[in-house]
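Next come two complexes built around chain A: one with chain B, the other with chain C.
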Partner chain A sequence: MTAPVDVPASSREPGPSATRLRTNVVACLLIAVWAVIALRLIAVQGFSRVLSERSARRQRTFVETLPARPGDIRDRARRLLATSIRTHSLALDPSEIDEPRRVAESLAGVLGLDADALAERIVAAHGKRFLWVRRQLTPDEAESVAALQLPPAAWHFRVEHRRVYPQGTVASHVLGRRDIDGVGRGGAEEAFERWLVGRDGRRTLVRDARGFVIDVDGSQTVEPVHGRDVRLTIDSVLQADVERRMDELMDDCRPLAACAVVLDPRTGEVLAMASRPQLPIAPEAEGSSAKDEDLGWRNHALSSMFEPGSTFKPFIVAAALDQGLIARDESFHCGFGAYRMGRRVLHDHHAYGLLSVADVLVKSSNIGMAKIGERLTNDGLYEAATAFGFGRRTGIELPGESPGRLHPLERWTSYSTGSIPMGQELAATPLQVAAAHAALANGGVLLSPHVLLQVDGPEPAYPAVVSRPVASEETARWLVQGPLVDVVRRGTGQKAKLAGYSVFGKTGTAQKQDPETGGYSHSRHIGSFVCGAPATSPRAVVLVAVDEPTRGSSTFGGIVAAPAAADILRATLESLQAPPSAGLP
Partner chain B sequence: MTASLKPLFLGLTAILLGVGVMLVFSASVSSRPGDPEVAYIAKHLVFLALAAAIGGAASQVSPETWRRLAPYLFLGTVVLLVLVLIPGLGVKVNGARRWFRMAGLSLQPSELAKLTLPLYLATVLEKQRRVGATFRSDLARMLGPLAGVSLLVLVEPDLGTAALLMATGAVVLWSGGWPLRRMLAAAVLASPGLLGLLFLKPYQWQRITGFVDAWTAPHLAPYQIRQSLLTLGVGGWFGQGLGAGWQKLSYLPEANTDFVFSVVGEELGLVGTLSVVAAWIGLYVVGLRLIDERRGDWFARTVGFTWLTMLVFQAALNIAVVTALVPPKGVSHPLISYGGTSLLVSVTILGAFCGLMRPRDGSAVPE
Partner chain C sequence: MSEPSDFDRPAPPAAHVARFVAAIGLLVAISLVGVAIDNRELALRRRISLDTFRADQLEARAARLRFELEERQTPQRLRAAFREEAAGPAAIAP
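Our next item is the complex of A and B:
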């Protein structure tokens, strides 16, 4: 260590006190700066703390929905009709995307989208935090998207449940559809929404700034409550048979619409219910007209109404018998085809003379019915119609049910006395007619038809079935086993004969209103046929209604609807394994 | 006195370095465990060991040796500052070419200037004063090199470091006793250049006005400043605990370098940040006392004062940026920030400072 040689220069330095003054000024300034900094720190860390904590928490936490899985819908044998599968739906956070073009191109490549359109959508959504790219991806698509390694903050999958109907279009009108947002639209999906749809849970995630999830805040988690499974009264095998038969009917008769209902008269359970045209979502419905689509969305069995015509006649007879206004062995003279009621002349299709009560039904004589109507008077007719459930909804759970139309008694006229007994001047849904016939088949007890068998789960729920006597058991049995069996054996319903079973039934042919004249049309009909078996202990009631058949020899219910109804009845009896009646061919 | 002051000085240095090691480790943690977080601390420790060795060596260098080496060290610095501007040699990061990179380590020559510039200027000033040089000669021999180095840093571009180097030069001249008239004259001469700079680079001006606006409307503040204030605020009085901070998980940019002090605030709270402030003030005060005791050697006192002041000033400037007292500027926190050259140079400066303050046989000139 050598002493610096040129130190003597220090003699010409400014005096030590001067240097010291200068360094002290700098030192004091710097210490003052530090004092300001200390005060600033106290301000920043001492006062604005709560606010900071909240905003810091907000920027790093993220509430994720844990979607509840909708319950399955099964048929009475627990066959799956509707179920849900977990899918991933792809959403972007446009505010986190710096290169919309590149992101759009890579996604478009994987998902087969139009890259330009997607890029445009991303740019248009600039500043927003959410943009669907495509929902409910297939597993392969989801995997490919994940493999793209896009910036994690820019995209995420949202778990959604996709509703699938393993049996395709079978029972589609009964089931309705669950839309992409998980909302039931029509049918059981809508009717049983409160059981099928659970309650979404949620979970708070902690993310870093790049979007990586780094923690789950368990204290904030709300578990989802999944939907409950619902079992329907539908037998999906029978339902498929019914639908096949209805498709044939559509081909044969080319009507506007048609429907079929199969009821178990002992319980009110709907075993099958089909409506045509098919729901427009079915692939074969593509290209159909707007009117067709409109018709396709309707479940005609419960939302369309028509004048029941002759199928209504047995209820009037039942009421007249029960009130003692007519006797079973009584005969009515049917005026050889014409009967004057005031200013009105009624006609029968064939000229009949004296007909027994049974034959009035078997031959479906309008004049005979009008005479019974005169005995009942308007009051009695109105009472009979309401008793059998006309003019109000049957109470089936499915949405869109029409109450039919039964004018209030005040609006009835002397015309009504002749019209109502032959099933005119009132309108009913096919389901109302089927349910009323099921009441006769059930010994006179009307049961509200229903499609819910049971809601599964720890506390099962069951349908509320309303049961009400509407006719005496004796009268009901006589009608079913007597005149209504004869309708099939020797009357208008002979096409519904089934080997081995005693079939009862009633035909109906209603004239539609002519939109031009307002009166009854002679070319536009609704043919219907209701039947059941076995007559001694009915297990099934089937109704088929055909709206405006355009092809075939006749529009009569006994011609257009009876064969289909008979086929359906046989399929039903077979599926129920109902024993054939002894002694029948 | 020296016997008790120097361990205190080294102790405070060690405390700040220790805080640095902890916080670099903590702030480098990311949400995805992996190599980088270990890589940062490993490199930091390698640099720390290197810094301790070089600083230890520097503490053994006598003032006389520093005087002799000063021109060469300065020339070396200038050469490196020129080389770093050459594409291919210098690495461009975020639009600025400030670094050499080799074998995974990077070197920032402008940091070296913080060490060599005061040495050189003090050496020259000493000579100039001895010969009674004219103002013109002073301009050529001192302000010329100062302006040259600053300009080289400015074109990288690195306005912050350039300004720090200018300030360094000013402190040398001021504390070295350069006549007041000449200082004023130099300031007048330099002012057109400084003003011209603001016009040449309007975005710098915008940054300043934008910053002033942000004082009244915090949501307009730049992202990193908002995050920095948020991070400090979350820490509160006692902090979230070491390693328990959230903000460093990529919300706070440059959490382990320029904004490491925010992480100190989040994890150690106001207690932690004020302790660091106290450590720096303590280091400064103790350093000033050491200088005081080193009466005789003008060169050692001037260089030592400049080094110490600028180091402590840079720490203050860093906290001022972090707490939004001044416009955002890329200034690291000496001894605490991760950053190879900065750490190396800071420790070397403190080592050399201790060397300069060591009384030597025969060097003590009685006042």
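Our next item is the complex of A and C:
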């Protein structure tokens, strides 16, 4: 039998000092852990409270933009010309997408997209929070996307407004366009942007951890201010008539461009304004070049300028009559077709002898006008041109208006005395010419043409119309009811006769510059015709300008432009229900 | 002499118990009313939200219908229709 081993008491069970030590260590560790947690809490709740709050808010809340609906554009009879409809645009949050390939294939299936390209875009945007997939979906496409049941945090619709034009391309040059970002490009869309575009609102949505919206924080909601409706002076029925006639003109004469303007001379309102070639609906249309697109976008009525030619002559006669430099019953000898002014010999189309002032206009004699110009001198000619608004913008609200070209008086020479009275050496827009003729029709008062009729809303806005006397009423009436009526009755504008109405008008045929010689071309012309009716109380003034007609027997304004102008004038008078002139068949 | 234990204390009078129960009941009632008001508020907010959404949808639909209506009654379209009508059935292309 072996004796029991003697084990020291200290190794069998801990003594009180060891136990205390272990207890203290555990206590210290616990205190340290709690201290760390407490410090961290203090740091999170105290020092980085703002950052933490911001982070938490960002995770829980989402600020959604409430897009303002752009105002409608209507014509003078409140027919809708442009409006906005709500659409959904699809955006992804690439940072929330774990399976880009699967998401891309799902979306590509319903939207007709290339799945590989979309997957590549999602992968490339990984880490970013926003990626457009497609904007302005159709309602069917939006429904199909919603039915895909994609992870809620990975995608969302953004509400946008798509601009639509119920009348199609009618008045497209006057209206302009609103692009996919809602920015007005050209025309009324750009000119009246400040009224049409409202102010977007916003609201804060509260989301749960899965991305579902659980609440709307109403206290932070800012309601959108929708755009105001704008009414134009355009009559869309008349506008459609004018555009149809311009299309026929383009087919008949095959010009580079053409335009038409219809003004109400009593108010300066633009009733119709058309320009050809037409604004392309799809700029990427097959076969269209950049030059075609540029021509299509241009509103020739106010941005193209040409030498007004004979349409300018009545203003010189009006100025000379008002200044007492010529008399109505005076006659001028037109030299049988040739007249020497210094080193220059002027010619008429026909060899006229003695012509009265009225006949100088009716026959459109350049020599007769040059002689009147000599009476006025360069100072008087310049004064007349500026008085009728040449050389500066008319003030119409639409963007892109050209001021035309009127050289400073210091640059005028002795040639100018012969050229200006026949409408050469200066350039004007069709709108300037129409507005100046409207001044004669309005008893000598020039009104700034405008397309804005009214801005609807609690505080309606109206156009600022500037009026200015430019000729005496007596002279204006005599010109309109005398020589200008005779132009249509027995002069160069006989193709503009209208049954039942006394029509006044003036033809113009301007030579274009020859790009090779720099001088006037004998083959490239701009034919124009401006007319109005009834002569005793004009209700409408119509101008048609045709740039380089290439088909037909003549390029004269009385041949290429007058028939179209007469058709437009007839449609305008019918539209306005203007009573026929008394005593006419 | 030793202190009396809890078991040795006399039972509270019935009035005290009633007051205590009444207080608890009042608290519960207030809580229930609060919960009911909260539920009602949530329901109303949900309804307002839904109505706003529906109004938005209707407004959007009205705009779309107005557009379609105006598109169908444009002067060009009406003129073409009148022309066809005036020309009679024989003039209408097959």
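Annotations
The rule is simple: the second predicted complex is superposed on the first by the 528 of 585 C-alpha atoms of A that agree within 3 Å, B and C clash if a C-alpha of one lies under 4 Å from a C-alpha of the other, contacts with A are read in each partner's own complex, and residues count from 1 in each chain.
One rule holds for everything that comes next: a contact is a pair of C-beta atoms (placed from the backbone, for glycine too) under 8 Å apart; a residue touches a chain by one contact, two chains touch by 3 or more.
All figures in this text were calculated on a predicted structure; none of them were measured in a lab.
Of the two partner chains, chain C is the only one touched by A:S84; chain B is not.
When the two structures are aligned on the shared chain, A:Q323 is found in touch with neither chain B nor chain C.
In the superposition on chain A, A:V237 makes contact with chain C only, while chain B stays out of contact range. When the two complexes are overlaid on their common chain A, residue A:S523 makes contact with neither chain B nor chain C. A simple residue count on chain A separates chain B from chain C, and the partner touching more is B. With both structures placed on the common chain, the touch criterion links A:P166 to chain C but leaves chain B unconnected. Residue contacts after overlaying the shared chain place A:L30 against chain B, while chain C stays out of touching range.
In the superposition on chain A, A:T377 contacts neither chain B nor chain C. The part of chain A that touches chain C in the complex is made up of residues 69, 79-80, 83-86, 164, 166-168, 170, 215-216, 218, 236-237, 240, 244.
Listed in rising order, the residues of chain A touching chain B in the complex are 1-4, 6-7, 9-10, 12-14, 16, 18-19, 22-23, 26-27, 30-31, 33-34, 36-38, 40-42, 44-46, 48-49, 51-53, 55-56, 59-60, 206, 208-210, 212, 214.
Residue ranges on chain B touching chain A, taken from their complex, read 30-32, 62-64, 67, 126, 129-130, 132, 171, 174-177, 229-237, 246-247, 249-251, 265, 269-270, 273-274, 277, 280-281, 284, 288, 291, 295-299, 301, 305, 309, 312-313, 316, 319-320, 323, 325, 360-363, 365, 367. Residues of chain C that touch chain A in their complex: 45, 49, 60, 63-64, 66-67, 70-71, 74-76, 79.
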